[in-house]
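Below you'll find the structures, each written out as structure tokens.
The following pair of complexes shares a single chain, subunit A, combined with subunit B in the former and subunit C in the latter.
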Partner chain A sequence: MLDLAQIYNGYYLEKSLLSVMPEAVLIVFAFLILLAGLFNNPSKNSVNSYYLALIGVAFSFLYLFMLSDHTIKGFYGSIVFDKFDVFLFTAILLSGFLTILMSKNYFDTRSVLIPEYYSLVLFSVSAMMLLVSSINLIMIFLSIEFMSICAYILTGYLKGESRSTEAAMKYFVLGTFASAFLLFGSVFIYAATGHLSLYKIHNFIFEQNYNAHYAYNLHTFLAIGLILLLVGLAFKMSLFPFHAWTPDSYDGAPTPVTNLMATGIKIAAFGVFIRVFTSIYSFNVFNFYNILWILAILTMTFGNFAALLQTDLKRLIAYSSIAQAGYILIGVIAGGYYGISGTLFYLLAYVFMTAGAFAIIIMFENLNLASVNIKSYSGLGYKYPLAGAAFSFFLLSLAGIPVTAGFMGKFFVFSAAIKSGYYWLVVIALLNSAFAAYYYIKIIVKMYMSDNNNNGGQLNLSNGRNSIIINAVNTNKDSQSYADNGSGKTALTEAVSLKSAAPALIIAIIICLIFTLILGIFPQPVISFASRSVTSLWSI
Partner chain B sequence: MEALFYIFSIIAIFSALMVILVKNPLTSALYIILCFFALAGFYILLNMQFLAAMQILVYAGAIIVLIVLVIMLLNLAKAKDTIRDFHQMAVGIIAVLLLFAEVILYLNAAGESKPTGIYTNAVINKIGNTQIIGQFLFTKYVFPFEVASILLLVAVIGAYIFAKK
Partner chain C sequence: MSIFLKYILSIIIFFPLLSALILVFVNKKAEGLLRNLATVLSLAEFAISLFLFIYFKSNTYEFQFIERFSWIREFGASYFLGIDGVSLFMILLTTLMTFVSLLSSYKYIKDHVKEFVILMLVLETFMLGTFASLDVLLFYLFWEFMLIPMYFIIGMWGSGRRIYSAVKFVLYTLAGSLIMLFGLITIFILHYNQTGNFTFNLLKLYNTNIPLTLQIVLFIAIFLGFAVKVPVFPFHTWLPDAHTEAPTAGSVILAGVLLKFGVYGFFRFAIPLMPEAALILTPIILVLAVISIIYGALVSIVQKDLKRLVAFSSVSHMGFIMLGLFAMTAVSVDGSVLQMINHGISTGALFLFVGMLYERRHTRLIADFGGLAKKAPIFAALFMIAVLSSVGLPGLNGFVGEFLILVGSFKQYTIFTIFATSGIIFAAVYLLWMFQRVMFQDITNQKNEDFKDMTLREIMTVLPLIFLMFFIGLYPDVFLSRINPTVVHFVNIIEHNKYAYNLIKAKMGLFNA
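Moving on to the complex of A and B:
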């Protein structure tokens, strides 16, 4: 393997550039996609930009792999590339990769600007990576803004659909407000410590803590700053009182973009929060552990109760993602080696199960088999045993049933919290996840238990939505076989009708399935990868 | 100096409030200009003449002209009677008062604070603040500077996407 960091050891600028190589590659490919969009006809463009985006992500993975052993600080302490980044970059790139795989099929049937879409996805993935690796308050603010602007545009990408535009507008207004809080918090922290670099702020507070003449004004300014910064970051993590944008923008955004927001943005926000938390908050200037404790409980409980009432699948997953953010926060509160590595594991597991669930929703949406309404899923489990089983598996994983990635994630996070002595927090979290299992299993029950014996065949023949399957199957006899479901013919019809689903989507689902299963039964390699990445965190 | 600071603060807060309180969008655009001038005053008090000039040139000179043009193009004479939600207003006022009380309490407790950086007024006047800003932009903060440029490009792409029919 070519060792880049060794070659450029003596050159400062080159070394700086190396520290942002994975992001830089994505940005270059985003520009390439925009440029390539100038020359070809639209139909060719959509294919070209799709492949270019995939190649860009692949190259970024390659650079990540080549640099993965090094810790490189670049650009006068704005950016660091360390083991912690390697883990989160992997998760973010996977999220971007799965999003691109899902997008092809989804946007082909809709009239939107395709090349710009893929370039924006690459831009936003690179922004998430920049956010995770920034160790400077200015860089944190800029990359959050960069990431958010990409997300606002992508949310409103379905032009002419009022829900999409409304979602983008709400997200934009609330997001700008949250950014103002973040900026204001940074200013207070700067006023209190006189530094912008997290490392220097860490050292400053560390020295002050052992100083007998501890200045009270430092303490207060720092506390205000940290609270405001927490508000800004909690908005991106969609914790409870700052969650209001989540359901609307998840619901209104195009489904692949919802996937990117639910996985990538959440990982990036938690990544930067862990970095800031371990360097500044862990001094407990203002009883932050208590604040986070309450936030975690409120987030979990609210997310689960609200999810229970939803009839729209995307809204349900939005609320459940709020609840998941609460569980993830428990890992951060537990802190230490176990807590943070458990959090990282949970974040990676969360990518696969959420992306898998969204891929299946997109597949059903594309084939016009079901809308995002939960009711339209009734009986789908019989008609499409494979897709139904996969969807059930992802939902069970989100609920945290054993043998899935979600279970192992919860296990690591909760056991870390118990090790740190947060017994009541874990009790409430367990009650919450038992409660959450109800609405996940409700969907599975809907898919398998509903009485489509009575009107299943009728529905298939009369309902215009299903015309595509009938075309795919093309014979009346086969479509009749929906009525006598449970026979061997259904597997055949599924195979035929799923053939019209894009192969990319099926690949995405299979990747998610395999990894959800592997993380569930054999988590050891990933958790050791996560713990190795945590070791670099204490010496930012 | 202190008196000037308070005068500028009062102007800035008053004009910022008026921006959201007046009904006519053109008037509120003009109040933004006033607000930016007050902020430029702060920069001058901090010995940052270059930033003050930029503030007036870029914001008051260029951006507000754009905003006024857009208002004229859209023919937004007056905002329509908006629905007033008293429930929301009450919650908002309570939250703002609580926040205000908190800030007052904290600032009273904070007492005197001293600048801790190495760039004091004397140093800035010796080197010249344009040079300092230039130096920082191209050395220490070169990467945030570049990221900001990409951010603006993405925003332009977004504007193009939303504006294209």
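Moving on to the complex of A and C:
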């Protein structure tokens, strides 16, 4: 195969470019989409930009694959492309890919500008990848800003809807606040150590640890800097006290964007957190492990309790994603080879199960079969056996029941934590996941076990309301009329629903389903992939 | 044939899953076809599992029919199957009970037949996998997923407060299992710290040297997971609800197989992994077991609902099994394992009869029945046999198991055994009194006048169980001879550890009384 790194070896600028090749490809395609918007007529635009976006992601994958064996440092050591990136890029690109697949069907039924949407998605995906590969505090700040600005716009993309605008506004204000914290933290760390590169800071702290004469005020600066940096990153990871934006913006954003925020942004945030954590925080300075320990417990406990009270499905998943962040954090705290590879595995598993759940929500939302209110899901399991079974499977995976990716991820992370001696943390996390099972099961109860007599009426009500708000596609009328006839025509309704749901959406669901199952039953290849990619973290 | 025997455990485990896959492609309108196909496939499964019985070598405690493939190298987990004398009969019990419960639900399950039979077959796969796996991670995978089909069976086809019961069942067992997972992972990590190898191989984990204090903590953690399943006294509250609201087939599987997982878990995992902690905590567990026996029996006496009565009698009977297991003599453990089979058969049969009563009269209240014996003589006769087997009449299976348990534990734990014996008397009280009120006396309720006797299918359903009641009661040696080597080995492990235990006891002055 063409070995790019070999050809460009020795040329500094080219090497720098090479280190961001997968991101650069996405940015090029994002601009192509915008350009194509100028020349085509509006009706064709949405289709073209959709395919261009998919091709862009495919090319990015291709470059990722071609470069996957190399470690390339670029831009004066502020960006690195290594094996750790390869794993996280795969996860982020998959998240972007699934988001694009889900978007088409969702936006076709709503009157919004399409081409800009796809280019924004590509921009934000490339920003996530940049974030993961940056090893310099300035670069981290720039990438986070790049990623956040795209996310703010995407959140408010449903122009007419007040919820969407409100979500974007909240996200923007709080996000800017968090970015300021991050920047302020970086400044303090720079003041204390005189370095911006993560690894130089790492070495500096390592040396000063044994230096009794290290100036006291610099020590304080370092402490303040580390705490502020943690706050800035915790915001993006939506850890407990910094989570307040999550439910509102997840709820108000268009559902595909919610998926991108819940999977892509979270992965990128955790990716950069792992980079920072394994370098700067690695000596347990100022007992940072204890702070994280408490954060993890608060995050999952709060997330689970709040999720329990929700009646809106998107909010429920938002809170549950806060809880999931708590579980993922356990892997980071456990640390070491085992803990970090567990975290990576969990992140990938999390992409598939969350994206799968969102894809199904979009499908029901699009067909006007159900609103995001949990009540409207009653009896859906009978009317749409396949979709219902798939949704249950994703929910069980989120709950961490075996045979699913979620279980393997939890198992991996928890055993790493026990290995590092965090017994109580694991006990609390396990109690939490038993507790969390309740609200996931609550949805399954709604789908399968509520009374059949009532839901016909309920369903029609929600149908009527939705079709006023949203221009229904023709096929919806069919499905509606079948729904009226009750469970007798389930097979027919299922056929109709599958036909009218865009094939892209179904492909997304099937991909998620297959990978959730494979990661749960035979995770060996992914575990070795994660383990191999972790080694590069400590070898720079 | 040799290849068949080499992979027979995998075949047995995954045949029901394959059957379920076949059934997915059958039109859901063809309910008769679905029912027949599922029943025939589960019968075929039972037939395949009989090969295990035939080719099982009864003179060794070593695991047989071993299969082993690498699964997750990073954790040292492998696809590791094998059975000994105990799991052999558990597997046979599972395949038989699944067949029986599928056969029993022709009339009871009216809607969503396709989903029902598929779930039953999927459930069977996971139950069999749990009994056959010797790899802890694999075991846990099968163990916990088993909840999901059972949850659907209770929640979708149950009666009354089915959703409440189903959710309660899942949350109780899930919480227990997750705490157990903590214990299992800790042992796994300890083994790694001692040997430098990650492994989930149970036979290797047996050699882990766990410090005593940690052993007690871990034993309690794992105890919670299994005790919820058994269920032992304070953890039993999910059982009456789940049993009462589940459809007949669900109750039969619950009583017949699912409850056995708890005891099996103690036998296979908890006690051999942490023998010293088990010995130290034995008095406490025995107290709980005896409380289960007496409490279950007393509560049974006052039940008005037939199914609740049988459910509480399960608590009582499972107490006997726990007593036998934790008395830890060869005879009592033999009896305990045999009683596991017996309880599956007898209580399964009782649930079948209650189910038939419910199908005919749509009520389960004892007060609504009376005088049925005149109208349905076959029903009365067969029901009587099941009741007597559960009471423990000599000549039927229940007697052998309970007798062995009591004889085995009498010498060591005299007082506990004396108290436990009262459970048998109470069993006679609540079962025979129930039988008298339901079957004898005059017909007081007009609706009972046209009570129909058993159909051929119903007779076929209970006949294998009735046959086994007599067979085990009259000639238990076929079973005991296969169970015994495994049990003797198990007891030897405990005896081996008793020396260390006595040292500790002397040192700590524990339980001097």
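Going forward, the second predicted complex is superposed on the first by the 499 of 540 C-alpha atoms of A that agree within 3 Å, B and C clash if a C-alpha of one lies under 4 Å from a C-alpha of the other, contacts with A are read in each partner's own complex, and residues count from 1 in each chain.
To be clear about the criterion, contacts are C-beta pairs under 8 Å (C-beta built on N, C-alpha and C of every residue); 3 or more make two chains touch, one makes a residue touch a chain.
This structure is a prediction, so every number in the text was calculated from the model and none was measured.
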Q: Pick one for A:M449: touches subunit B only (first), subunit C only (second), both, or neither.
A: second
Q: Return first, second, both or neither, reflecting whether A:N373 touches subunit B, subunit C, both chains, or no partner chain.
A: neither
Q) If you stack the two complexes on chain A, which partner ends up touching A:T311: first (subunit B), second (subunit C), both, or neither? A) neither
Q: Identify the partner contact of A:F522: answer first if only subunit B is touched, second if only subunit C is, both if each is, neither if none is.
A: second
Q) Regarding the shared-chain residue A:T176, is it in contact with subunit B (first), subunit C (second), both, or neither? A) neither
Q.
I'd like to know which partner A:N290 touches here: subunit B for first, subunit C for second, both or neither.
A. neither
Q. Of the partners subunit B and subunit C, which touch A:I149 in the superposed model: first, second, both, neither?
A. first
Q) Can you list the residues on subunit C that touch subunit A in the complex? A) 28, 71-75, 112, 115, 137, 140-145, 147-148, 151-152, 155-156, 162-163, 166-167, 170-171, 174-175, 178-179, 181-182, 185-186, 188-189, 192
Q | Residue ranges of subunit B in contact with subunit A within the complex | A | 103, 106, 109-113, 115-117, 139-144, 147-148, 150-151, 154-155, 157-158, 160-162, 164
Q.
Residue numbers of subunit A touching subunit C in their complex, please.
A. 341, 382, 385, 396, 401-403, 407, 411, 414-415, 418-419, 423, 426-427, 430-431, 433-434, 437-438, 441-442, 445, 448-449, 491, 522-524, 527-528, 531
Q | Touching residues (chain side subunit A, partner subunit B) in the complex | A | 16, 20, 27, 34, 74-76, 78-79, 113, 116, 119-120, 123, 130, 136, 138-139, 142-143, 145-146, 149-150, 152-153, 156-157, 159, 191, 193-194, 216-217, 220-221, 223-224
